[in-house]
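Please go over the structures that come below.
Presented sequentially are two complexes of chain A, the first with chain B as partner and the second with chain C.
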Partner chain A sequence: MMNELLRVEDLHTHFDSDQGTVHAVDGASFGVNRGEIVGLVGESGCGKSVTARSIIRLEDPGRIVSGRISFDGRDLTRADEATLRRVRGEDISIVFQDPHETLNPVFPIGDQIAESVRIHDGGSSQGLLDFLGVPPFRNRTAWNRAEDRAVELMEQVAIPDPNGSAAEYPHEFSGGMRQRAMLAVALASDPNLLIADEPTTALDTTTQAGILRQIWTLRDQRDMGVLLISHDIGVVAQTCDRVVVMYGGQVMESGPVDEVLTAPKHPYTRALLECSPRNLGRDERVSTLEGSPPDAVGGHDGCPFADRCRLATSDCRSGDIPVVESDPGHRVACIETPADSRGTPTVAASGQPRNVVAPDGGDEK
Partner chain B sequence: MRYLLKRLVTTVLVLGGVSILTFSMTALTPGDPAVAALVEQTGHQPSEETVVAFREQHGLNEPFPVRYADWAIDTLGGDLGQSYSSEQTVASMIGQRLPNTVELAAASMVIAIAIAVPAGVASAVNPGGRVDYAAQFGALVGVSMPNFWLGYLLIIVAALWLDLFPVAGSGGLDHLVLPAVTLGSGMSAVIARLVRTTMLDVLDAPYIRTARSKGLRERIVVYKHALRNALVPVVTIAGLQLSYVLNGAVVVEAVFQRPGLGTLLVDAIFARDYPVIQGVTLLVGVIFVLTNLAVDLTYRYLDPRIDRRGEPA
Partner chain C sequence: MRASPANDGGNDETRHAPVAELRNVEKEFETSRSVLDRLLGDARSAKAVCGASLSISRGETVGVVGESGCGKSTLAKLVTGELTPDGGSVLLDGDSVGGYPTRTGGQLRRIGVVFQNVRESFDSRWSVGRSIAESFGHEQQPDERVDRIDDLLEQVNLDPQVGSRYPSELSGGQIQRAGIARALAHDPELVVLDEPVSGLDVATQATILDLLAELQRRHEIGYLFISHDLGVVRYLADRLAVMYAGEIVERGPARDVFERPSHPYTEALLRAVPSDDPTDPPPEPLPGSPPDPSNRPTGCPFHPRCPHADGQCERQHPEFKRVRTTQSRCHYADELADGTRTNNHGTDGERRPHRSDS
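Our next item is the complex of A and B:
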């Protein structure tokens, strides 16, 4: 694709644990185009966050075992530390989940945003004493400029009274404000790709809608690509252009939001949608997906969803599962690729933000 | 501001308690202080007249509360009384010795921190690596070595064999090096271990990942974002280590024959020179209390989450 910004190809990220090697990401492939919002969905523990961290190469203590992550033609899995430092922030920024701990508690918010500006302002060689603010080494003009820019950024992400708030510390901010501040940190360097890992999970629905609108606006203004990670199908339906459904460290189904969420082809996607309370009639009960995500120790042979799948056959449990492109851009990793997918519950792919209850409560650690 | 006032009031109360305890030592020590002091000074049992004269001279005939009140009032005016064994006032004796001890304490603190922080950080950045093992081993040795032993070792090696520094006494910077290294190394071992532990904790925090994701150099991530957070417990321990410095000064000053508060106290105890013992003990108490106050105030600068009541917000 000509506008493709990020391409993840057959990514494998492993962790060592006492029980054995955990295949957290087990052959995931997907891409993000410029100006496109891609949703990465799946249950807790399916490898979404590890995928995100692998993309900016902060997968430690995990390690990328194989696969390619190409960004603008460069393979990030082979890049050296200096290249990665430039890529981080300048090309790819990330907003981590849980805004309570992602900002440094001992520095004012404004300083943390300004630092992000300074890192990529071209003239900065990141001197330790300059960044520590030791007087003769501190580049005052550059920091003043960065601080002014920080206030602008805070205004852009709709933090009220940005001038006053810049001097406040993270603990003086509410959860929603902290998430906005994180967004400002991420945007400070004008990235081409924004990865947002559960940016709204810890927030109330009003704040959530505000942040999502913000991401939307920023995408339109800056033509950024956005990878939005969520376990909340509703959020993805409202916000994204395309969706990638992950399970057991693999991509089950991917394609345009209106296709995947209205006509899901993969049994797992269908099961996820059935669990979404927004599709219910008055007296229906929310259905639940039996069992829990597979133990990723040792990886899988065959389809990771086979043990919970109603349609599973013995063929599902061994060998490679073919990826079928059912419609242009719509890929499904399933042997069965059910013909009858029209009768399943669907989710409206557009429209006004609605209150959505997440199918699962939290997210992986 | 209100916090500061409250802290100051408690400080004054604590110091009052310290002064009562210090002063009661004279009354609680078995035996007649006058006789004891005279025996130590003259070396033989004093005559009845000398004892009576001594009591008269030093106001020992008054009842305990009156003596305490007199002493307390004098102390508030800066007069710590008259030494039993020398012609000098306690205040002037302390005044002569204090600079030497302060110099030693400050120098050993600087040495301790200068060794401990880089060593602890280097350990934590690569736990289980060679540097970590070396630093951990060094810390174990530092903790286990008694001050007097290290002191004599340094005198033998650095002063006698290598002739780099004077053996004993006080004076210029060269006299300060060996005692400060002796006192500082044990302290640095304790602080280095603490820096390592807290840094390991902090380096796992999500905000460190955020700092890296911004494209910061690892050096800035470690020395700005992580170290600043790791310093809060370190400052506490470094402050408490001041007690170690003052205790250690007694031994180290004796080993190196430095005239300081430590040697003054030891001499006073042997001479049963109660006014000097009281004066030095009170001063040490004051230093302790003030250090604790300083540590609390430093917290609030280092960690903005600690609010005015001194509790985490």
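Our next item is the complex of A and C:
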């Protein structure tokens, strides 16, 4: 696809542990286009964060054993450290879950944003002594420019009174404001792709709504791609254009949110949606997923969800599971691809031919 | 499953006498502790809870919701006895009680607690079983203790083997279950649950909520359920109290509060919850932040953030008003519940900029 920004192809990231090799990401494929927000959902331990870390090549102590991560035409799995440093800083930014731990407590917020601006400021010479703040070596004009830019960025992420707040320390900020400051740090380099790993999990819902709205606005202003990782289905449903559902390190289902979250085709997606206590009628019981997520040691033979799936057959437990494209851009990795939960038959079930495509979770070709 | 007939009558009274009751409790914390400040009378105090009243009976779940810093956890600590109120009274079975030191052993055993950071509430050098056994009374024999630990772990659907493991070896869901088992160890009538499912993923959350509902049915325990996630509270709560800046601003049967909020703050909280259905309108943020507890605004504490506020709200602190089945601390509660009060600031109706795909 022309405006495809990021493409993850059959990614395998492994960790070595005392119990054996952990297949944390076990053949995940998906893509993110420019100007698109893609949600990555799944239970804890399903490989969401490891996937994100693999994309910016911070998977250590894990290792990418196979697969391809292409970003804007470059293969990041083969790039050298110098290229990666550039990509990480300038093209891909990441925002982590806990803003308490990612901001330095002993520097004012404005300085931390300015530092990030300055690091990505290619136009002026930079030296270690400059960054250490040694006065004769300090490039005053460049720093002043960076500080002005920091205030501008703070304004963009809707931090009230950016001039005053720039001099404040992280502990003087509320959780939501700290997360906004982190967004400003991430945006300092004008990234093409923003990875947000559970950006609102530690926040109140009232603040969360503000941060999510901020992410849309930034996407619209900068036409950047966003990979939003969350275990909260509501957050993904309300923010994303497309969703990738992961389980056991593999992509179970992917497609436009309107389709995947309203008419899920994969039994796992359906089970996950049924778990959510929201939108439940009175006295309806929340349904629970039996069993626990699979042990990723040694990887899986067949579908990782087979042990917890109500529809599993012996075919599910061995061999490769074909990925079926039921509607354009809506892909399901399931042998059954049964009728959806609303009782209406799926396109595939109503007799239209299914196209079996390569294991892939991206948009239409 | 958990509906008590009294709730349907739209009455705050339930079939049991309350196990615990808070009457106009106040709690302040000193923000500035220096001796000089005290001598000069400059010591400022932050009001964490102001005049909150609440009761919890057996077999019912009372949900307390609000943003962080609104005093939810302080309220819970006043019930459990971790804190002593500065004003008002805490009643246990009708007897006025203070903090831990003043409570009798029997009174202490009436209440179980599941703490907010469950993993940190377990001693990392003790096995889970030993931590659970610490809650037992002294009358139990050592061999009975082992059986009792196994029994408790089974009640929360954990393998009895978990008792010999250490907190760091358990997953988020398992440690939460162990925390619940420990809270049940002394057969409490009331369990205080402080954010019991926050930080857990949807699937684990569902199993914990299901377990809590099941335990309540079996033992007829009352729950004081504290959470900032309205979706979770909606599932479990029979009655709801909405807190803002240390005050309870709305209370009533949970279903009615959710369906027809009569306080603008409740309305804002509900609008901020992202719906699982992508076709629903997007969540709306509540601009601004809660007031500084040591410098509370005059009148209604919510007026600086309220889209409906006018001069009266700035001057006069609203008292509870009865609106159908709920009670609300808002001058315009009736109009809000009917939907006839219009928004002064016109911030409503802002929609998501655009969705790029079609």
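By our rule, the second predicted complex is superposed on the first by the 338 of 365 C-alpha atoms of A that agree within 3 Å, B and C clash if a C-alpha of one lies under 4 Å from a C-alpha of the other, contacts with A are read in each partner's own complex, and residues count from 1 in each chain.
As a convention for this text, a residue touches a chain if its C-beta (ideal position, glycine included) is under 8 Å from a C-beta of that chain, and two chains touch if they have at least 3 such contacts.
Here the structure is a predicted model, which means the values were calculated and not measured.
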Touching partner for A:56 - first (chain B), second (chain C), both, neither: first
Touching partner for A:266 - first (chain B), second (chain C), both, neither: neither
Partner chain in contact with A:120 - chain B first, chain C second, else both or neither: first
Chain C versus chain B, contacts on chain A by residue: C
Which of chain B and chain C A:101 touches, first, second, both or neither: first
Which of chain B and chain C A:289 touches, first, second, both or neither: second
Touched partner set for A:7, first chain B, second chain C, both or neither: neither
Partner chain in contact with A:331 - chain B first, chain C second, else both or neither: neither
Touching partner for A:300 - first (chain B), second (chain C), both, neither: neither
Footprint overlap on chain A, comparing chain B with chain C: none
Of chain A, residues touching chain C in the complex: 35-36, 42-44, 174-176, 201, 204-210, 212-213, 216-217, 220, 231-235, 237-239, 241-242, 256-258, 261-262, 271-273, 275-280, 282-283, 285-289, 292
Contact set on chain C toward chain A in their complex: 1-3, 67-68, 171-173, 199-207, 209-210, 213, 228-232, 234-235, 255, 268-269, 271-280, 282-287, 289, 352-357
Residues of chain B defined as touching chain A within the complex: 205-207, 209-220, 223-225, 228-229, 302-305, 313
Residues of chain A touching chain B in the complex: 53, 56, 58, 81, 85-90, 93-94, 96, 98, 101-107, 115-116, 119-120, 126, 128, 131-132, 169, 171, 182, 185, 188-189
